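What follows is a pair of complexes built around subunit A, which joins subunit B in one and subunit C in the other.
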Partner chain A sequence: MLTTAIKPNTYQDSVSLMLLSQQLSALPGVNKVSVMMGTPANKDILRATGFDSPELASAQPGDLVLGVDVEDGTDVAYVVTQAEEALKNQASRSASSGLRTARSLARALKIAPSANLALVSIPGQYVADEVAGLLDRDLNVMIFSDNVSIEDELQLKRTAHERGLLLMGPDCGTASIHGVPLAFANAVSGGNIGIVGASGTGVQEVMAQIDQLGGGVSNAIGLGGRDLGADIGGIMCLQALATLENDPTTSTIVIISKPPAPAVRKRVESYAQRLTKPVVAVFLGEKPDVATNGNLVYAYTLADAAARAVELAGRGRPAFGPTQRWIKALYTGGTLANEAAMLIRDQLGVIDSDPAHAQGYVLRSGGHEIIDLGDDAYTQGRPHPMIDPTARAERLPAVFDDEGTAVVLLDIVIGFGAADDPAGALVPAIEEGLERAAQAGRQVVVVASVCGTSRDFQGYADQVAKLRDAHVTVLPNNAAAVRHALALLATSSRPSTAGETEPTPPRIAQLLEDGPTVLNIGLRSFAETLATAGVATVQYDWAPVAGGDSRLAGLLRALDNA
Partner chain B sequence: MDDSINAANEAITELMSSGQPVLVDVVRARDVIDVLAGDSKVLLHAGPPITFDEMTPPMQGSCIGAVLFEGWAQNEQEARQLLAHDVTFTPCHHHGAVGPMGGITSPNMAVIVVENRLRGNRAYCTMNEGIGKVLRFGAYDASVIARLEWMRDILGPSLAQAVRLTPDGYALTPLIARAITMGDEFHQRNIAASALFAKDMGPLLARTDIDRSVVADVLQFLADTDQFFLNLAMAACKSIMDAARTIEEGSIVTAMTRNGKDFAIRVSGLGDEWFTAPVNTPKGLYFTGYSQDEACPDMGDSSITETFGLGGMSMIAAPGVTRFVGAGGFSDALATSDEMDEIVVGHNANLSIPTWDFQGAPLGIDIRKVVATSITPIINTGIASLEPGVGQIGAGTVRAPLACFVKALEALAVKYGVTSTDD
Partner chain C sequence: MLTTAIKPNTYQDSVSLMLLSQQLSALPGVNKVSVMMGTPANKDILRATGFDSPELASAQPGDLVLGVDVEDGTDVAYVVTQAEEALKNQASRSASSGLRTARSLARALKIAPSANLALVSIPGQYVADEVAGLLDRDLNVMIFSDNVSIEDELQLKRTAHERGLLLMGPDCGTASIHGVPLAFANAVSGGNIGIVGASGTGVQEVMAQIDQLGGGVSNAIGLGGRDLGADIGGIMCLQALATLENDPTTSTIVIISKPPAPAVRKRVESYAQRLTKPVVAVFLGEKPDVATNGNLVYAYTLADAAARAVELAGRGRPAFGPTQRWIKALYTGGTLANEAAMLIRDQLGVIDSDPAHAQGYVLRSGGHEIIDLGDDAYTQGRPHPMIDPTARAERLPAVFDDEGTAVVLLDIVIGFGAADDPAGALVPAIEEGLERAAQAGRQVVVVASVCGTSRDFQGYADQVAKLRDAHVTVLPNNAAAVRHALALLATSSRPSTAGETEPTPPRIAQLLEDGPTVLNIGLRSFAETLATAGVATVQYDWAPVAGGDSRLAGLLRALDNA
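== the complex of A and B ==
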């Protein structure tokens, strides 16, 4: 059935009306619809396409004409209503992600002149040429692509090193710079652990574990799987270590790699020994002979490495005074106290000077003191300190006032039977103690762990939060807290080598300090993820020169360079 | 980069951006185009050289209309006979002219005369006939012929008189610069420029001694013809590109045109030679009742506007017509011009586009960039029905085929004596 509907004095441009005609023609029960302004020329077209009618003849140029051909039973008014609705809702269908796109490097850099990192995911055969051009333009580069020859990798890394640029990869799947995850990466807490990794999922696992243990990551610099091999010789590993050594947001460094070539291993380890920041090394595939070697801590598994790193990572390098050499531990749990004593004895090789353990001392060596306040000596006529926290709170001021105290080590035991708020009961004494020590010119560090779960009625997270608010460093378990305390003393006693490391080249320093402005070359999804996260990103939809025709590419080069 | 190529390209784009096209006259084609002045039967056509039997049906229809208009034959059958044997065909481009769609131009058709004051060279183009049944889309019935006669006898002479009242011709660059800020890209959309032109012609026509009713008809025609300025823009671009062509070095595209069979380009360093590849068929939106299957392959000299950096190259200037390229609206228009920016050597500071952050229109298509990126110029175009006489059935865009740029690059390498190291 053919009908002509006229909407007088309703102007729409012809593009809108052509789109509308398509849309309405696709409605169920509709044969075809043609919507046009009633100009003489348009009326000719309507007649020629089967919409002639007496109403059409009377339409004026300013009238909207709907030629409607519907199947029997379809209400023409329905089609007209649909048309009116569609004209009201003409806004573009998709909101743009705001991701600007270029098809050449020159244009991409015109859009984002402040780009400081290129993320490259293009076929391996084209990587060497493309990345050489990026290094020429002083861009740090992360190469996600694989299938790049070792000769090309060496050449690119040498060039990058000479120009003072980071070259992560090839085959670098994961990195995180200034809290910005690149390529495959997890959303983890920011923090002070820097990672140097020759393995994508290795870096991901360590980052994720650090996050789960309550730690955080400053920067994760990827190397690609071959950097620590004999051919490349650890060029970027050494650059990354130097960069993290100078990075003020990093206090502990983790190296993740397959076992390096022997000569490279020697070079990297001796370099790591000279750093002021502790280094955890996990060389997956070999079982470490020793747990520590000077500044290096070895881990067997990725989770171990994460745990060691969280234990080592303090709030920067503690400024202990000359008298502050000792750990003072006040425990409420006996076995926890004994575990602490065991770890301290092992690590420091000290001999217990008070094997009788009178007055609840489970360790007394030099100035190190570990006291179990649950010992019989303290519970006569008083409740156990897990039930009544005031006993420990009363002893804290003396510990803070002791000039020998560097670290105060505590356990917080929650759960059934324990006090309603053991952490809260200690907070006033901790805050006052820290304040008094500070006034006396001493920076004391309080380290604790909470023994309990999220199901406990005191609330694990709540107890941790109260302690952290009082500037207590909370580790995930007692052993970690003890190792952290030991690390603080070790770091503090290491002679500072600040100024001995080469300064970080300006383009790398700027990348870490300001965060990445990313030029993404290749896989669009990487750029979309970054743009969605609010990272300044430009997408370069890369294609091989002349569509991959190497002869034409050669002609173009010849014409450019003749 | 090779200094001589880049230096030449810079000189060419300088000539392009400083071109001064001025409308100086409207005359019969035979008065200004030598090849049409003689007694032999000659028709100009769009695109690179082509024979009558190779032409698309609409272009053949245009030829029939031209033969009937010239009175060389009395009916279609006679006209076809004549066209197959006794008419010489030659491209508009070989005679300083350009023509829309079929581009068929015969000796007595009215043409506008545009002079590029920068070099003093002239370019010619027929006038826009409006829409519906028109010669350029292959229609040739009595109404088409009657309109061509009116344009020859009334419209042309009237506008010529009006233009003669201007002290030094009617300058087109200022008008183009104004209209590009009003949403025209000068291929798909010319409504602002056409309105500005009509606004200026009104008082001039009123000052002539032409009969009031004739003035009224002329002004009515200008008022009704939204695309009137397209042909002026084409002649302006042709005059600018021909001036630029005097520098016979470099890698800048100096003409792009289509004849329904081949797409052809000229390149600055390669003189008058055409580099061709089979045309693509436009894609776009169709009037209800028509479809892509009925679309005529790409034709017309109107892509001279893209050669100069207008039309599809400056899509971002004309948000009103961007939905011909897709449903994405403004962001698609931006993406289109951003993409075209990859294959040009600069921007035309005299044609600043507000919606592009006042960046100038893309300037100087470099075939090296086209081949390197595989991005070919995008051309905004009307879509003709394959069936002659039906006329326009839609509008959309079409890509220049890459192959003609590759051929030109090979020739350029020979000219500059370079070979590929990857042979």
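== the complex of A and C ==
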């Protein structure tokens, strides 16, 4: 039996309605229940699927409409009661999450006067008006909603830019600010990789892969999918790049987008190349012609972009002195030493000044030195350095005391046959070496990778933790460690001031520095998640003006402006 | 005070001696103790560092020599007692590990008649003779020792090849057979990636990276560093490739080596291309000109090689029927769908037959179909498929019932905002679909990646486990999943019989099938590790014939052969 029921003036967001429909459809004796707001389009849908009634005809956009298909003998009133019950439960779940709610914007801002970010997920046709008001109140805005016209997007982004605010979206599904995941986002480790993304799941995939590689994310700023198109011209992309360039927690930047419009691409690339930080660009859908272009590194896939970013990101910008120009590598694994030599030779185009490779030197060029301590020259009368780590520990002081040393590069091989605690055996020499170099006014960076697994008896995670505690930067594999060492030298040689980057507008800087206090407008689940995670959040239970009657809303607006 | 002490006829392996030296040097009142066998070279070292005495002059290669440097007042006899104590402890540690020991090869083989692999780590000059005897007794051999002449290596490898035995090494630091790590090796997950490696830490790095990417290793066969040089000509490399081609637990092969000699390279590459399994080659030190060459995929770094291998390795060779030619992808993440389309377009060179991309089709070419279920066409009146996984579950039956479907490709996006259990919601449809296809005589392969982290509330590992339990092949990221799907189609289209590969000789096949029973000759620590891990192992406490007097040993051998 098909019938309809109406609950007047009961606005609910679309996700709540979907969940409610599913829940009611699962009741005994019920075939299917569709719960929708009474907009003309929704009423058409209900009519097309067989529902029709005088109540439906007279339902308003602000009314809740239930299209109920029950088996004969099932009481429709029972279904409506269940719906009311579910709505009440939803409200009390919100309350129990500690979420504060308001029925008007003014009230919401009274509850949370320090709100610095509005998260907007209301139907697209209402977005332009609502967001214009939010920007007026100097709020940064993330628009999750889609179905916003490109003209409205351009106008909103121009306004935001003029007022020094971030406008993420429309159709921005993912962002992460100051470690707070917004809308659809993964819980990743904090770190120093900043992301600028015109793609929701693209940002999610890159963030998740960075996390899996042991890296972390500082801020991920969403743009919406059209920002790098010809119409918008990358307004927010440039703002986000400038913001991350100035963000002290970010040391490397990733841009994720489908291939930008040619003119926009030129603008974005030349802007990115003026930054002091390395930038990884993945313009998904095209095979990059070149691998690098100054500080710009191109990636083909999302996973590649994450890997490159982890390789490039370090503990901020190294402050190498004028003498510190070289990588000094002490390896225990011969093949790992050779891999390092290959990567350094290929990237720097250097020629080995000692091709005979005497004394275990695998590369010697300028002051770059890669030594394989497993070479016969070092194992006469003593065990291999994988078995006995003291041989390497004894050589470390001289490396730290060398004025030319910028980066000390190490491999830690664990597993059967290897020493019980190869990382621990090096830590005292590393700590003392760093300390002595610091006293001499030199910041030396130690970079390492651990070759092994969580099943190895030395414990992969333990070895990594020991190294990190001793201020060693640990990369997920040897090639990544070598590339990181090279990136440190390259970054250090770039000018240290970003002459071309304007300071970050105060409202954006404050958002990144303090973290978001969120005004959530629309989908309650976003606010509940944030509140549960301890993020200061207020839920504005938005409903369309004049119950969604656009003619009436227009009249009201006209009166308001009069 | 410098002095020497001698323990006649007490052969110890070099690692035991190193550890003993360290232990004694740490005693109170002791400056340094060097414990060595009394070979002429070692006696020279001791003399050069200030030790000299009539006892040292008369010490024989089979005698243990202690060079003792103590503070005045420390009793040298005390140091010698401590040394004896330490040697006794070592012996009892061996006993407590359950390790059986023998003082002759004949006795060792009587204890372990089923031994099928000898692990040899005696001084290099004794290797050729000893290993010749082991091959005579039909034992596969892994030679850890270095300092073996290239002529001896060639002779031993020829003999091994003729007798149908594996000869890994000399200077082979790493191998893993049937899940048993040998010498220096990491504890990695079992799996279907077989490795052929002419490089110790190269094999370790690739194995460890495979493990970190969620893949696993079937067998890793070491070659020693010179096998692909012009002198040896890749004898064992070809044998290892043939062995892994025939090994039912291996579905993908990785070759790791420095760049081979040109003639050998040609031989190895053309051999590899005749195999039915995909082969990843990393010839470390050169940038590959091409990415692929038939079933041969080239990698630049060790980490790249591991990533490619994980992408290529599946659950063995798929048995697709003649109609099964296409990838059917149902995506919830728009960017992930676009990444899939890019990779398929680029690899297959296909042109989209539906560039308008109606109905959420991101790619449609031949029967290849990639649909973005987050497209507006699917989200009118229902929540986004990341929120509500039922939309995709409902579409799966038709995909499994499609006769053209070879591979079903899926993304599972977790994190805030996403469904509580997106993998679990698909499992019933996947299991039923696979079952129905199987009943219709079609093997369909489901490939997926999970976009998320271990911190996401759905739990990355949980989602992966649910998928794997439902026979889904899970790759570490979306690009890897797409490449795996493409590899399945490519592998399936190769001839299913390896016309050119001879059957694996029975002694090698038995080693891989049953796993190693190890006869350890040399470093006791290798045997202790194996015994502790529950591997059937017997320790042959090898000592040089005639106490290391090579003239006398020659005479004895001549008598023996007479």
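What we mean here is this: the second predicted complex is superposed on the first by the 463 of 562 C-alpha atoms of A that agree within 3 Å, B and C clash if a C-alpha of one lies under 4 Å from a C-alpha of the other, contacts with A are read in each partner's own complex, and residues count from 1 in each chain.
In this text, contacts are C-beta pairs under 8 Å (C-beta built on N, C-alpha and C of every residue); 3 or more make two chains touch, one makes a residue touch a chain.
These numbers were taken from a predicted model, which means no experiment stands behind them.
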For A:Q22, select first, second, both or neither according to whether it touches subunit B, subunit C, the two together, or no partner.
both
Tell me which of subunit B and subunit C touches more residues of subunit A.
C
On the A-aligned overlay, A:T301 touches which partner chain: subunit B = first, subunit C = second, or both, or neither?
second
Looking at the overlay, does A:A118 come into contact with subunit B only (first), subunit C only (second), both, or neither?
neither
What is the contact status of A:E205 with respect to subunit B (first) and subunit C (second): first, second, both, or neither?
second
For A:A448, decide between first (touching subunit B), second (touching subunit C), both and neither.
neither
Just subunit B (first), just subunit C (second), both, or neither: which does A:N338 touch?
second
Just subunit B (first), just subunit C (second), both, or neither: which does A:D13 touch?
first
Output check: A:P40 vs subunit B and subunit C. Expected answer is one of first, second, both, neither. What do you get?
first
Output check: A:S104 vs subunit B and subunit C. Expected answer is one of first, second, both, neither. What do you get?
first
Residues of subunit A contacting subunit B in one complex and subunit C in the other
15, 18-19, 22, 34, 36, 45
Using the touch definition from the top, list the residues of subunit A that touch subunit B in their complex.
13, 15-16, 18-19, 21-22, 25, 32-36, 40-41, 44-45, 48-51, 67, 92-94, 96, 100-104, 107, 543, 545-547, 550-562
Help me check something: in the complex, which residues belonging to subunit B touch subunit A?
1-2, 5, 130-133, 251, 285-290, 320-321, 323-324, 327-331, 335, 338-339, 341-342, 368-369, 371-375, 390, 394, 402, 406, 409-410, 412-413, 416-423
Can you name the residues of subunit C that touch subunit A in the complex?
14-15, 18-19, 22, 34, 36, 42, 45, 146, 173, 181, 183-189, 199-202, 204-205, 207-209, 211-212, 256, 258, 284-287, 301-304, 332-336, 338-339, 341-343, 346, 376, 381-383, 386-388, 390, 411, 413-418, 451-457, 476-480, 525-526, 529
